[in-house]
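Going by the order they are written in, the chains are A, B, C and D; count residues from 1 in each one.
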């Protein structure tokens, strides 16, 4: 069964149906979107069940000739890392639709356009993780910007146009650097056994170290902007602040993962030597991201910006894990991508509800919500605890794996990064104290608690956060072989415990 | 190792209680407190059952374990969700569930007027579950889960009345300072994994002999940092006083009897690390000694009864840490003092709660006085605890504290003398401030406001106090008669029996300690019982008192050294992010816009000039061909 | 005779046509200059046809003529339409591209 | 350049004579297109260039194209141009003064560069290569040869081009079709507009052109009662074309002096 193309087609079909609906029937559009995303989620889970977890090769491989004269194929396939990310994306999609049931109102265009954009974006989210043809990946990588641009610019709040343009320009800049590298790879492949965009064949190219370094930078900067790694991060807070909460969830939860996923899939596979050359620099950038993002989060006055800054810190952890080159860090990084998707989703969705009720996103406008809206406050609290990696919640496992894995090879980086957990306590507890605790301040007395739809949306996310905190094995067992494979391809083995030094 | 499935119930019961109470919401308001108490009590029952089973088995087979499931397994990093119940953990299990259950019972009445009582019991159950996980986990990482879990529960309970901003701040402060300690624990685990490839207690114990001393010292120091954070030891002690913002039963359970002693548990549990790392061990002793003086000095100046008791807790845990730092000879005494302290300090906190309950939640001891007549049961139970903490024979504290003082003297050389003298002086100061508390609260003249109507607490409250008072009286004797506890714990610790010459005979030490105590009591008696006590704190006091009232400047220090620079750094970074990094981005945009508007002049809208440009472009193209096709 | 001479003359005519497009303002004259360029290209096609000895070039010139005819028809219709609304056949007056 | 001159010099035979006479004339005519002021003159010069090109085609064994060039281009297309010129009339756009600063020098420089480059490129590309000639290809006759190509190899483009032609015809019709967007004014309405307009000057209709029978009277402005000429009395396109006679020579006072001088 052609699972991956089925997965990519389903949302498109849903989008077509919604596009055919009358503009006035908003409810039908919402229901169709929810049904589609749920169907995609079910299909993804069905596919994941059939995944052979000890097989490190690409699975569910499909390939169709697309532009034969350039050797471009519509080639799909997933390894465990891609599978996990697709799973995360397709689980988040219905949550976002359900949680943001009313957020398309007040946009520049109709409600149904919003859902068409979301579904088209979902197709691309699946495609970008599943593509095994470099050209196909690039096309989807860039095409993803379009729906997001319209989602931010058309349905966001505040200076949404400016934020959308900033997001677009940043991403396009990185994309162009990557395009240059891709073309160079293509040209070189022509000299070494035929033009191709096939990832597998490209990874066997011979090239001088200078070439490799330059091409690596082209890819890495694109991914570093996407991820975002310090100092390429300034688009994220603006975009996250201006976008609707649902869009922000997809933006931070899924789209940004394309950056870190790309680092594993493309930077490490295509340029192993250059990756090693740049690892010291990248590790420093990652550590800076962790600490810097945390400090900015502590100083943030706007709740959406705060969450965006925490994400910068978290992406620092992920990047550090990827380049630390130990199996713990690598597995931890992938697991972190999955977990961050859910903890950020929970934070953003609850924050979105808080903002929608209060009509303000400034933290100090809230106060004493714990006594007015206990369910909403608890949801925020649990999501926040997950964000600060409280043991027993999902983020802890991944964060600790990254730290332990990094420590065995780069102790100093790991030690500095660990200070991030103290800062994390501050950046979560400060908004918790200001918004949830303390006396109920004026303007907050009559806020309504979560309704059934919102509870239904947040419950699975929190369930995943809690369950994976105690029992991450199902995911870890899938990720481990793939992570190990990445490491061994790079020629690394885990550092041996230094026991017996004495 | 034998397995025992019923271990799971120890944790599962209170955890289920917490989950039910939190999820059920207001529907559980009517019976929530009963369920919570029942869960805690049944956990205590399971603990007793386990103790009986353990007593039945021969010494070598006493520890039991239970692997629940594979938690994390990546490469060499394998951690199972496993439980371990041995002679050390059972002490804690019984203390936590026993004292915990008593405090649950106490809270039914104490919190009966609070509309959020159900939530309070949910938090208490959550705490019991997390604390049990802390002492039952069979690896450092499992312990870490419980470690942060109790931190969370403590955060929630300190901030239980977080509608008061100061209380919310206190809870945040506790969590953040605990996190610094947690960071130490993270480092310790990382070092353990990097050097020994394992994080389980058994694994580390097995490999500790081979590991380099540097690594073990590093690990030991980091464990000490962790212990300092959780147990409010120097230099991470500042949160404990503020933590008294929580309801009094919380202070009794978490910030006196159980959670704050987790650091002692950690160090005792890691005995194999510290035994092989003398430098770290020395640091432990130093931290213990500093804290015991630090806490005692703060205790002398506090007028808030809970804060005075909190300072005393800090000081007493200093004793335990000090004992634990003295190596194999000290571990058992540290644990013994921990257990006796659990009884008498919890009892006294409950007593303080009882007093506050009768005094409209007044905490200032200067507004008490002569309460003996109105609260006889509270007075008696508090008084028994008082005698116990002073170390008056045959009360519990006498056995445990004397042992520590004696061991300190026996540490040998100058170290022994310094430590011994420190502990002795500490005992004297303890006697002073505890006597002060007794006198100010229960004797003398009444100083309370007219609207206070002191009355004895209901039986649900005094019953737990009475039980704990019995413990305060008897536990010391029971645990030390025939070296019961020492022998019980003996198999866990690595003894290399080196019979050093005792510096003093035990009886001499006891005599010295009692003398010091008597001096302390006497000074307090003359200072407070013989003079009129003002109901407001006098201002014209010595500089030392002023400093002591401000917790020896600990908050000012933290504020000046960490908080202010941290805030400044944050502000700077926020500004810099906007100006420098985003400024650079915007600068690129402005350059593009500028060159765009400059080039816009070319676009004059005349087709003919566009045609000319095309022509020029064609020339350039042909010229290029001309050049290339030479 | 050397067929290349026709190419030179074709190049000259093409250049003159290009200059005409740039310098003349009357849309109809501009259009005629474009026709001149097309014709110059046609001459090249015919000449190449002769040089290469096959008829492909002539066929191409034929197609060019057809396309040129189409272009003239549409182009002149546009000029008439513009003239009708703006009362001018000057290309400079239709500088809407700027706004 | 020497080589080029040699090659050029070698052109002989009747074709060469024809080329050297007609070629320069065509270039001059093309230049003339740019330089003459009136569009009509440009069109005539253009027609001349096209005819010359037709002759060149025939000289190069492209008989069919030569005929088509004359019939289609010179006959149909150029007539279309003239027809449109007639429709549009004449206006200031015929002026040769440049309105965009610096455009003309740029154009001339570019032209010189472009021409030079083209010529030198062509020289490098073809000099020294002998033309094959079309005698073999035209064995069955030029028209048959082209037909064979057109209906075999190029049949698909041919069809496409035919579709294009039809589309263009349709397009021209659509563009030229003038949709009336307002109601056609009635005579009553027109009268009202005349009398209620800004001035009563044109209430009785525009004045006719002059009545002096010295010329075609349409190019002479009428004189108002005070003896000044009425500018609206002459067709604007005559004025733009510069064909309006100077009314001063008919000014009454001028005429009087003339008469007196003659006396």
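Basically, a contact is a pair of C-beta atoms (placed from the backbone, for glycine too) under 8 Å apart; a residue touches a chain by one contact, two chains touch by 3 or more.
This structure is a prediction, so every number in the text was calculated from the model and none was measured.
Chain A has the Cα centre that lies closest to the mean of all protein Cα atoms in view. When the interfaces C-D and B-D are ranked by how many C-beta pairs touch across them, C-D comes first. Remark: chain A and chain D have CA centroids separated by 65 Å (rounded to whole angstrom). For this pair, chain C with chain D, the centres built from the Cα atoms lie 12 Å apart. Look at where the CA atoms of chain B average out and do the same for chain D: the two points lie 99 Å apart. In terms of their C-alpha centroids, the spacing between chain A and chain C amounts to 56 Å.
Among all residues of chain B, those that touch two or more other chains are 604, 606, 608, 612, 615, 618. Annotation for chain A: no residues touch 2 or more other chains. Chain contacts: chain D has residues 100, 103, 106-107, 110-111, 114, 118 touching two or more partner chains. Chain pairs that touch, as defined above: A-B, B-C, B-D, C-D. Contact residues of chain B toward chain D in the complex are 604, 606, 608-609, 612, 615-616, 618-619, 622-623, 625-626, 629.
Considering their complex, residues 18, 21-23, 25, 30, 91-92, 94-99 of chain C touch chain B. Those residues of chain C lying in contact with chain D across their complex are 1-9, 11-20, 22-29, 31-33, 35-36, 39, 42-43, 46-47, 49-56, 58-59, 61-63, 65-74, 76-81, 83-84, 87-93.
For chain A in complex with chain B, the residues that touch the partner chain are 166, 169-170, 231, 233-235, 292, 295-296, 298-300, 326-328, 331-332, 368, 370-371, 374, 378, 385, 390-392, 396-397, 400-401, 403-405, 407-408, 411, 414-415, 418-419, 421-422, 424-426, 429-430, 432-433, 437-440, 470-473, 476-477, 480, 483-484, 494-502. By the touch rule above, chain D contacts chain C in their complex via residues 7-8, 10-13, 15-16, 19, 23, 26-27, 30-31, 33-34, 39, 42-43, 46, 49-50, 53, 56-57, 60-62, 64-65, 68-69, 72-73, 76-77, 80-81, 84-85, 87-88, 91-95, 98-100, 103-104, 106-108, 110-111, 114-115, 118-119, 122-123, 126-127, 129, 131-134, 136-138, 142, 145-146, 149-150, 153-154, 157-158, 161, 164-165, 167-169, 171-173, 175-176, 178.
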